[in-house]
Amino acid sequence: MDIAGIILSGLFAPAILFFALGMLSVIVKSDMVIPNSMSTAMAMFLMAAIGLGGGSKAVKAVIAQPGILGAVIVVALVAVICGIFFAVFTAKVMKKIVGLSTADSWACAGHYGAVSSATIAVGIGIASAAQAQAPAEFIYGGWMAAIYPFMDSTALVTAILLGKMALAREGSGSSEATINTKEILHHTLFGMAVWLLVCSLIIGALAEYFSPVESERTLDFFNGMFRGILALFMLDMGMQAAKQLSALRDLGKKLIAAVGVAIVLPQVWGVISIMAMYLIYIMMPGTLGWGDAFVFATIGGGCSFVTAPAAMRIAMPEANPSIYLPMSVALTFPANIVIGMTVWQILCRHLWGVV
Amino acid sequence: MNAHTNKMVVIITEFSIKDRVINTIEGLGVKAYTIESHLSGRGTRGIRDDNVLLGENIKISVITNIDIADKICAAVATQYLKHYAGIIYTLDVEMMHP
Amino acid sequence: MNAHTNKMVVIITEFSIKDRVINTIEGLGVKAYTIESHLSGRGTRGIRDDNVLLGENIKISVITNIDIADKICAAVATQYLKHYAGIIYTLDVEMMHP
Amino acid sequence: MDIAGIILSGLFAPAILFFALGMLSVIVKSDMVIPNSMSTAMAMFLMAAIGLGGGSKAVKAVIAQPGILGAVIVVALVAVICGIFFAVFTAKVMKKIVGLSTADSWACAGHYGAVSSATIAVGIGIASAAQAQAPAEFIYGGWMAAIYPFMDSTALVTAILLGKMALAREGSGSSEATINTKEILHHTLFGMAVWLLVCSLIIGALAEYFSPVESERTLDFFNGMFRGILALFMLDMGMQAAKQLSALRDLGKKLIAAVGVAIVLPQVWGVISIMAMYLIYIMMPGTLGWGDAFVFATIGGGCSFVTAPAAMRIAMPEANPSIYLPMSVALTFPANIVIGMTVWQILCRHLWGVV
Amino acid sequence: MNAHTNKMVVIITEFSIKDRVINTIEGLGVKAYTIESHLSGRGTRGIRDDNVLLGENIKISVITNIDIADKICAAVATQYLKHYAGIIYTLDVEMMHP
Amino acid sequence: MDIAGIILSGLFAPAILFFALGMLSVIVKSDMVIPNSMSTAMAMFLMAAIGLGGGSKAVKAVIAQPGILGAVIVVALVAVICGIFFAVFTAKVMKKIVGLSTADSWACAGHYGAVSSATIAVGIGIASAAQAQAPAEFIYGGWMAAIYPFMDSTALVTAILLGKMALAREGSGSSEATINTKEILHHTLFGMAVWLLVCSLIIGALAEYFSPVESERTLDFFNGMFRGILALFMLDMGMQAAKQLSALRDLGKKLIAAVGVAIVLPQVWGVISIMAMYLIYIMMPGTLGWGDAFVFATIGGGCSFVTAPAAMRIAMPEANPSIYLPMSVALTFPANIVIGMTVWQILCRHLWGVV
C-alpha cells in the first residue's frame, strides 16, 4: 500500500469517522446521549478483548518460538523505563514550556506517560488488519498488549509520587486528609482498566494453554465484536472530547503552548518508542514485526484519558481537571489517531523495510 | 405516631471520594445513611455532568442528631471540600419509623 | 405566591416490595407520588448495595396533608417494615405549584 | 415462495414473536424489565447499522452502476413529496374522520408522516434475507436506508409548522414560552435517531470509498448482530406497546374510528409508496428491485414512535401524548408488522413479477 | 458552624424540557443547581414511567434565597407547567458549606 | 480426552477464570464496577439464548425422530418429581444437619431445588462444545433447556407453599400483610428468568417450525455471542459471590455444617439427576446422549441465585437473605462449576461408555 493509501484508509476508517461524528454531535448540540452504563460496558469489553487476545497470543508465540520470551521481557523493561522517562520529561515540558503549575504539570505527566486504551485499541486494529491481509509475512505478533500495564502503572506511580514530593517541597501540597502511598498504589493497580487488562491477560494465557478450544471460541466473540464496539466507543469518546473543548479557555494565555505540546509531545514519545523497538529488532532478530513496534508506539505515544483522570482526581486533587482532561481527550487523542497513527505507521514500515 | 425530630445532613460531592467520605462519616460513629448516585449539577466548580470522564455527583444523606450532624459537616467540609466539588446542607425531618 | 404548607412523607425501602407499598399507599386515596430508584445505603439490616442479587433501595415521596401522612406512615410501617428493610420520615414543604 | 409461506414465515419470524412476547409480558404483569440504557443502546445500534449499511451499499451501487445516482435522487425527491403529502392528509383524516382536536391531528400527522426505525429495520431484514436467498437476482439494492431522513424530517417539519399555524389561526396555541422555528428545526434534525442515521450514512459511504477493508470488517459486526438486536429490541417495543394500550381509553367514543384509521391509513401510505417506486422502476429500468420498493413502503407506511413523540412533546405540548403514543406504538406498529409487511411484500413481488 | 438558612426549590417535571427549564432558571441569575434523573411518578397527568417513549421525570433542586426562589417558582410554573407535567415545592434548608 | 484433560480444560475455561477474576476483584477491592443494567442485559441475553436454542433444537429433534417427544415428556415429568424431592429433602437437611430455622431451611430448599441459569449455561457450553468436536457421535440433543422451567417452578412453589405451612404450624409466620398463594404463583411463573426462558422456548420452536431461515439467522447471533457474554456474566457473578462471602459470618457456629452441605448436597442432587437420566436412556434407547444427562445434572444440581432470592424475598420475608444468598452464590455455585462440572461430566461419560 502506498503512503497516500495508508493515510486515507486510516483517516476514513469507521472508528475515526465515528469519533468525528461524536465531536460533531456535541458541537451541533444533537440530542444524542450515550448511556453511561453503555460507555462502561464498551470500555470493559475493549479491555477484556485486548487482554485476552494479548495473553493468548503471548502463549502461542512463546510455544512456537520459546526465544520470544526474552524479547517480551526486554520490551517490558523498556516499557518501564519509558514510563518513568515520559512521565518525568512530560512534567518538565509542561512546567517549562506551557507554564503550568507544579500540580498540573505532574498530573499531565501521569496522563502522557500512562497508556490510552482507545489509542492502543485503534493501533491493534490497524496492526492486526495489516497482519490479516498479509498472512505470509511476520508483521504483528499480537502479544504487545501484555506490555500495556508495565508502562501504564509505572508512569502513573512515578508521576503521583514525584508530584507529591514536588508539592511538598513547594509547601503547596493539600492540607486536607491526604491519601497515602499505599492507597495511591492501590488505585493505580486496581483501577478498572489496568486491573481488567491484567486479569484478562492472565486468563487469556491460562485458557490458551490449558483449554485451547474453549479459549478460541471465546476469542472469536471478542475478535468478532472488536471493530464494531470500538467504532461505537469512539463515537462516545468524540462526544467526551467535544464536551471538554470549551474548558480549554481556562488555559488563557497558555493555550497556544498547550495546544502545541499536546499535539507534538506524544508524537515524540511515539517515535522514541519506535526507536527503542527498532533497537531490539536489530539485536534480537525475528522477534518483532513492524506492527509490534507500531502498537508499542501507540502505548508510548498514547495519552490516557479514562484511567489517568480518575487516578489523578483521587491522588492529586490540587491539579485542575479542566487542564489535563481537555488536553488529553480533546487535543492529544485526536492528534494521535490522525497524525500519530499515520506518522508512526509510515516510520515503522520504513524502518522494517516494508513500504 | 411518636415521631422524633432529627437533622438530615445532605452532602453533594464528587463520586471519586465516595468511599473516603463514607469512611470519615462512619468514623464519627454513623451506622446508617443513604447514597444516591448519577446526579449532575452546576456550582462553583462549573458544570458537573454525569459522564464517564469527569465523574458524576453523588448525594449522601444521614439522618442523625444535631451533634453528630455538626461533626459530619465539619469533618467533611475541612477534609474534602477545599479541592473537591461539594456542598453540605441540613434540614429538619421527623423520623417516623423506626 | 400563595403556597400551602404540606407534609412530605419519604419511604426508603427495598425494591422488591415497591409495587405492594404503592398499592397500600394508593389504597389510602393517594393519587400522586414520586419514586426514585437505584439508591444504596446502610441501616440496621446492614449494607444494601445497588446490586442485582439483593436488590437496591428505592425512595417513595408523597406530598400530602398531615392526616394522610400519618396514615401512610402507620400502614407502611406495620405492614412491611418488620421483615423488610426500610425507614420512614416526614418533613414540611410548601407546595408552590399546583 | 408461495403466499402462505410468505405470510407464515413473516408472522413467525423471531422478531415478530418477540414483539408478541413483550406485549404478553406486560399483560400478564411479568417482573421482566428492560433497562432503559439497554433500550437506548439497542436503538443506537440499529440506527448505526441501518445507516452504515445504507451508506456503504449506496457507494457500492453507484460505483458499479453510476446511473443509479439518478434513481437515488429521484427517490429522495419522491420521499420529500410523500413526507409532505402524508403529513397533510393524515392531519385531515385525523381531524375529519377520527374527530381529534387540531393539536392532536397535527401531532398524529407528524407521527404517520415520519419514519419508524423499528418498521424499516424489520423491512430491511426481510428484503436483505430475500436478496441473500437469491443472490443471482436483483431484489434489493440496499441503499434505500439513505432515503429515511428525507421523508422523516420533511414530515415532522411540515406537521409542526402547519400545526402551529393552524393553532395560531384557532387562537388556541400555547400561551407559554413558545419554542421558535429554529429550535423546532434543530430538534427535528439533531434528534438522536435521524442524526445518528445521517452520520452513519455518511460514515458508511466515506469508509466504503476510502477504507473498504476496514469498512467491511466493521459492517460484519453490525450485520452479524442486526437480527439478534432487532429481536431483543422488538421485545422491548412489545412491552412499550402493551403499556400504552390502556391509554386508548382516553379516546372515548373516538376509539373505533381511531383504531380503524390507525390500522388502515398506514397501509394506504405504504401502497402509495410502492406505486411511486413502481413508476420509477418503469421509467428508470434496472434501478429498483422489489425489495427496494418494499423497504420504501416500510418508510412511507411506518409510523414513528420513538423520534416523533419526543419531537412533538417539545414542539407541540398542546397535543396529548396519550393519543398519539398508543395509536402509533400499540395499534399501527403491530398492524404494520403483521398486515403491512405481508400486503406490501405480496404487492411488490406481484408488480415486479416474482411471486 | 455558622450556617445560613436558605430556601430549596424543587422542581419535578418532564425530561423533555430539562434544557429549557435550566435556561429559564439560569436566566434568573442562578448559577448553582443539582439535577436528578430517571424518576418515575404519578400525578394529575397520570403515571409517568421511566420509559424510553414517554420520557421520565427529572428533579431540579436549587438552594437560593427566598426572592430568587419565588421568581423561579413563578417563571417555571407559568412558562411550562400548563402543558407539561410538573410540580414545584420549596423547603427550608441550612447551608453548612460553603 | 482423558480425565486429567477434562478437568484441566474445564477449570481453565475462560468462563471459570473470569468468575475467579470477579471474586479476586472484590477481594483486592478493585475499583471495577459492572453497571447493573449490563448485568440485566447479560442475564436476559443468556436466558433468551438458552430458550431459543432449546426450543429450536426440540422441534428439530422431534421432526427428525418423532419418538423423541416421548422422552421429552418423560424427562419433564422426572424434572417435576426431582423439583419436589430436592426441595423437600434440602429443607430437611438444612434444618437437621445445618440447624437453620424453619424459614431459612425452606428458603434454602427453594434455592437448591430451583435451577441456576449460570450453571446450566456453563453446562450447555460444555455439552455443545463436546458435540461440536465430535459431530458424528450423538452426545447432546440440545432440547434439555426446555426442561428448565419444569424443575424450577415446581421446586420454588413447593418450597414456598410447604414453608408457609410449616411456619403457620409453628405460629411464627409473618403477621404482616401476607402475600397470597396466587401472588406467589405469579411471581414464580412470571419472574424475569423463567418467563423469558419459557417465551424464548416457544419462540424458538415456532420460528424453527414456520420460519426456519429467519430462525437460523437469529440463532447465529445468540450462539455466536453465547460464550463471550457468558464469560463477562461470570465475571459479574464472581464479584457478587465475593461480596456475599463476608455475610457467611452470620452463620456463626453453623458455618462448618453449612459449608459442607452447600458443597456436597448439590453434587448428590446432580448425581441423582444423572441416574434418572441413565434409567431413561436404558429404557428409551437413542433418546439421550451423555451431554443431555450432563445438562440435566446442571439443572438438578444447580442452585438458583438470581431468581430464587428475588422470589423468596417477596414470598418468605421471614427468611434471612444473609443465609441463602451467600450459600448459593458464594459456596454452591463455585463448588458446582469446579467440582460438579468435573464429577458429573466424568460420571456421564462413564455411564455412556465414552471416556
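Some notes on this structure:
Letters A, B, C, D, E and F mark the chains in the order given here, with residues in each chain numbered from 1 onward.
What we mean here is this: a contact is a pair of C-beta atoms (placed from the backbone, for glycine too) under 8 Å apart; a residue touches a chain by one contact, two chains touch by 3 or more.
Bear in mind that the values here come from a model prediction, so they are computed numbers and not experimental data.
Note on connectivity: the fewest chain-to-chain touch steps from chain B to chain C number 1.
Considering the contact criterion stated above, the chains in touch with chain D and with chain F alike are A.
Using the mean of the Cα atoms as each chain's centre, the chain most removed from chain C is A.
Looking at which positions face the partner, chain A and chain F present mostly different ones, since fewer than half of the interface numbers are shared.
Taking each chain's centre as the mean of its CA atoms, E is the chain most distant from chain F.
Chain E and chain F have Cα centroids lying 47 Å from one another. Centres computed as Cα averages put chain C at a distance of 35 Å from chain F. Per-chain Cα centroids separate chain A from chain D by 41 Å. With touch defined as above, residues shared between interfaces to two or more other chains in chain B number as follows: 36, 38, 50, 91-92. Multi-chain contact residues, meaning those touching two or more other chains, occur in chain D at positions 35-37, 40-41, 224-225, 310. Shown here, the protein chains touch in an arrangement that is not a line, ring, star or fully connected set. Across the assembly, chains come into contact as A-B, A-D, A-F, B-C, B-E, C-E, C-F, D-E, D-F. Those residues of chain E that touch chain D in the shared complex are 14, 16-17, 20, 24, 38, 46, 49-56, 78-80, 82-84. Within the complex formed with chain D, the residues of chain A that make contact are 8-15, 17-18, 21, 24-25, 28-38, 41, 125, 129, 133, 224-225, 227-229, 231-232. On chain E, the positions that touch chain C within their shared complex are 9-10, 12, 36, 38-44, 50, 57, 59, 70, 73-74, 76-77, 81, 86-92. Those residues of chain A that touch chain F in the shared complex are 35-37, 40-41, 44-45, 48, 52, 186-187, 190-192, 195-196, 199-200, 202-204, 206-207, 209-211, 213-215, 217-218, 220-222, 224-225, 310. Interface residues of chain E facing chain B in the complex, by the touch rule stated above, are 1, 3, 6, 8, 31-38, 63, 91-98.
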